[in-house]
Amino acid sequence: MLQRRTDLALEAREIWQSGAKRAAHLPGVTSEQTNREGYPVTTVRITDGEGAQALGKPIGTYITVELPGLKRREEDAFPRAVRAVATELRSLLPEGDGSVLVVGLGNRAITPDNIGPAAVGHTLVTRHLVAQIPEHFGHFRPVAALAAGVLAGTGMESSELVQAVVEQTSPSCVIAIDALASRSLSRVCSTVQLADSGISPGSGVGNHRAALDRKTLGVPVIALGVPTVVDVATLCADVLAEAGRGDLEPETLRGAAAGMMVTPRDIDQSVADLSKVIGYAVSLALQRDLSIEDLELLLA
Amino acid sequence: MLQRRTDLALEAREIWQSGAKRAAHLPGVTSEQTNREGYPVTTVRITDGEGAQALGKPIGTYITVELPGLKRREEDAFPRAVRAVATELRSLLPEGDGSVLVVGLGNRAITPDNIGPAAVGHTLVTRHLVAQIPEHFGHFRPVAALAAGVLAGTGMESSELVQAVVEQTSPSCVIAIDALASRSLSRVCSTVQLADSGISPGSGVGNHRAALDRKTLGVPVIALGVPTVVDVATLCADVLAEAGRGDLEPETLRGAAAGMMVTPRDIDQSVADLSKVIGYAVSLALQRDLSIEDLELLLA
Amino acid sequence: MLQRRTDLALEAREIWQSGAKRAAHLPGVTSEQTNREGYPVTTVRITDGEGAQALGKPIGTYITVELPGLKRREEDAFPRAVRAVATELRSLLPEGDGSVLVVGLGNRAITPDNIGPAAVGHTLVTRHLVAQIPEHFGHFRPVAALAAGVLAGTGMESSELVQAVVEQTSPSCVIAIDALASRSLSRVCSTVQLADSGISPGSGVGNHRAALDRKTLGVPVIALGVPTVVDVATLCADVLAEAGRGDLEPETLRGAAAGMMVTPRDIDQSVADLSKVIGYAVSLALQRDLSIEDLELLLA
Amino acid sequence: MLQRRTDLALEAREIWQSGAKRAAHLPGVTSEQTNREGYPVTTVRITDGEGAQALGKPIGTYITVELPGLKRREEDAFPRAVRAVATELRSLLPEGDGSVLVVGLGNRAITPDNIGPAAVGHTLVTRHLVAQIPEHFGHFRPVAALAAGVLAGTGMESSELVQAVVEQTSPSCVIAIDALASRSLSRVCSTVQLADSGISPGSGVGNHRAALDRKTLGVPVIALGVPTVVDVATLCADVLAEAGRGDLEPETLRGAAAGMMVTPRDIDQSVADLSKVIGYAVSLALQRDLSIEDLELLLA
């Protein structure tokens, strides 16, 4: 039913609502707006199969934190963004202090797809310290990390590799970081989506991935995603609409734009900035006694 | 008059011709199609002010080599591309064996803008060898090279820096390599344009540059450019037209797409491949006794 | 017994032989010199426990290919080196065409330790192609690859990660690529050692690794190593000896040089060159119908 | 006279003093120890030709700031180091607020030689902003920057390139950042030397450079250097001496160690850390109203 390609539940709901003949109320979906550290937060909950089908996403909680100030490099924008994302992430994490596996999905060699691997580089990894020097690090939560690479580089599906590591190390949950596609120019590189339903196939910058969720991995999977590209066909439809030039279905334009992607001009800097926000937020959410200043020292 | 943004003279001419009320003949412009090493070559000559105004480019010769096989990694595609570009470049170089300054324009940190600096890394630099070890290298043509960086990184305009080096080293000509914008998805990252009119302000991936031409530098300036991005507004107009959905002027869409760029998904690999073609072609054109195999050894 | 730190069986044997009171014949060890593609090849076979104890290495075959021409960039040095290493590697591989896992050990962020991960980047990975497009790729041998990262980056021992992937993908053998330490300045970055005994703990640039061998992984493990550093204490003893200034045991100098390493000045270029030799040689050894030219096309 | 290779005036003086037959007082040289932000600071002043000859360095002021806490990542070590180096730099800068050219010498592709180019990347460059948007940036001191690359990459001597830019842009002084060689393992990557005598030929990681000083450039040249390598021959002599095994002149060992260098194992991280200290310190010294926090925002 969904015709415009987006990985954001927020946008899927907007599209549904913008349909001319839709009722105001979408059954099986609730939405709520709040504010965290000065940033707008939208929580979309898909509560049953009807909602899931309408939005094309699995049942679960989808939290979107919008970070427009980050791009403008407003004062304190970085620490506020880290705290905002960390707080929302904590609300989705399962109870307890069990070990966690952080997975960065995506292809390092494609800039907008590198956000997952880059975020892993900003994540405090502690599993080996806790095990080997418990007298000093026993109070840390054990965190392992994996930049899963891409199929072409390893000959393995990311999901195969993650599954192997989950079986070997038995974490209490997995946090999977990935690049997403948005349908809105204004959300690209200034939004983070957190979801407790894991990663579904077929989305993001890469075209086809196997699922990473509780069903395939046997433990809860929290997905953290950042939209870094806009689909070209979607963009054209949007630019047209915004310019008052009609309302086209992106699908009718798809063939003409195959193999292209739309990114901000400053995509390299944006991916660098956002991967640091994500890595720090994950570390802050998992290690409760640390401050951002501690992380600067430990991760520099 | 030109409404669709392109740096290719070839495309400027196509656009002019596609205008409904245009006569078949464009005064002050000639165009000719040939074939080099299996690749289509189009030479557009702007011979007077009328032609210059119609196409929005200075008087000069603009040679476009189209390299579709390179992206598909056809056999021999690389050496044929190097020889084709080298041969066309030789036709534009001034007589003689004077020293040459190769300048790579563009910002390393923006992938599609990095083609100039990356090509400089694949160029055989000999000036110091000729001067210091003349008994072994005296038969080489002296070549110096400069990756000009960007304004923000140096506090100097690229043109200021190039001018300073030209004054210091007095080359017989300058070869300037730069990223361009195309209006056609199919030409992005599969086309090289060579021009004997230098680099004009206001084009390419970066928005505003001072001219690098015989007037500003005092020596002939050959420009080598590769389109690596498509303007979003242009793209939308084209995708629409291709899908049979009308004919819009890109300018009417411009505001909605500011700050975005359209690139191939494999832009990193494409820039790597093309910068090697350019650097090798420049080296081959300047050093007549060398083969591509020699360059592989000398530049590896 | 061994006092000078080396990972090369060749050097361990030399050291043993240089001992003043040693007999000419070392029981449990045979050594043979041949020539492959113009490069000297030494094969040391440790055949029993006595030999293993004398040389401080497990029972097995250790083949050293010396590649001095590579550094001088002699003509054909690269393809000859690839073919020489590939031929020696084939002699160690188990029979059959079963799938293979290639593992690059070492820390990307320390240049001389990056040879394993970099070699993986030059290895033809086919497992996913064989599985998904068997009509076109069914004749390739399935190869998966893993750059194992370091303990600090993942929170997992390399051996844990490799073990997990071996269990998940059941390869017929593992090829493990790693940086080594040599005691000789002249062998650093110009030697490759192949061994069928796997990787032992405690060697290389990093200080402490768990074993990767048939015992821990359950399948044969072929080790490919390149010495990229010299131990500082070893170096001092050698420089002294070479200058005719006495004969010291490196251990007596160790404390004064902790945390330092000795590398060639051109270590970055050397690691780039050698990792390509290794990756290509592994690919050539595993895929019998491919040429180096095919690899250039497939891996560029 | 100097037999042990060092670029640090501090060490040259120590070596002079350690000579058995030297008088306690070295004519033409004064030395003074203070403390800045908790770090030891030694100022060696060479006041006449006799002192210059004794230490093998031009007449001038040489300030060494030792930063051992930086490597141990002590709390506040970074901001204290930035402020300490900035304060010492200010004491060497000429009066006034004229424009400044910051030059990063060294070869990006050799890790320990990359400190100059990397420091330029952490320097606030303002010249273009002051010129183009004076209403907002008119109160900044104009700073231009140049990563001078290496001879092999450009075909120009660094000094030629710097001279060309100085002539074009007429700065009031030049700050030149370079990698140095130390004779002491303990000073490598934990020391910064500032000197008002410019850069002399023949030192550092690279072997031979033309001078950058007031004589060649026509303006004052402040040199900022960080020792990142130890000469192998020097190291051997030192390790021997420290182990109580005699006192050799490094020159007698030189031939045996040609082409090698000794660096810390964590050289990549150290160069990253120190280049940030230098770039920030230069920016802080030149722009008096800025704080380190401002720089984090402006340079991130």
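A, B, C and D label the chains in the order they appear, each numbered from 1.
In this text, a residue touches a chain if its C-beta (ideal position, glycine included) is under 8 Å from a C-beta of that chain, and two chains touch if they have at least 3 such contacts.
Nothing here was measured: the structure is a model prediction, and the numbers come from that model.
A turn of 180° superposes the CA atoms of subunit C on those of subunit D, with the angle given to the nearest 5. In terms of their C-alpha centroids, the spacing between subunit B and subunit D amounts to 39 Å. As a whole-number value, the distance joining the C-alpha centres of subunit A and subunit D reads 44 Å. The set of subunit B residues that touch two or more partner chains is empty.
Contacts between chains leave no pair untouched here, as each chain touches all the others.
Interface residues of subunit C, counted against subunit B in their complex, comprise 73, 75, 78, 273, 297, 300. Across the interface of their complex, subunit B is touched by residues 120-121, 125-129, 142-147, 149, 151-157, 160-161, 163-165, 167-169 of subunit D. The touching residues of subunit B, counted against subunit A in their complex, run 109-111, 185, 188, 205, 230, 232-233, 235-236, 238-240, 242-243, 245-246, 248, 252-253, 255-257, 259-269.
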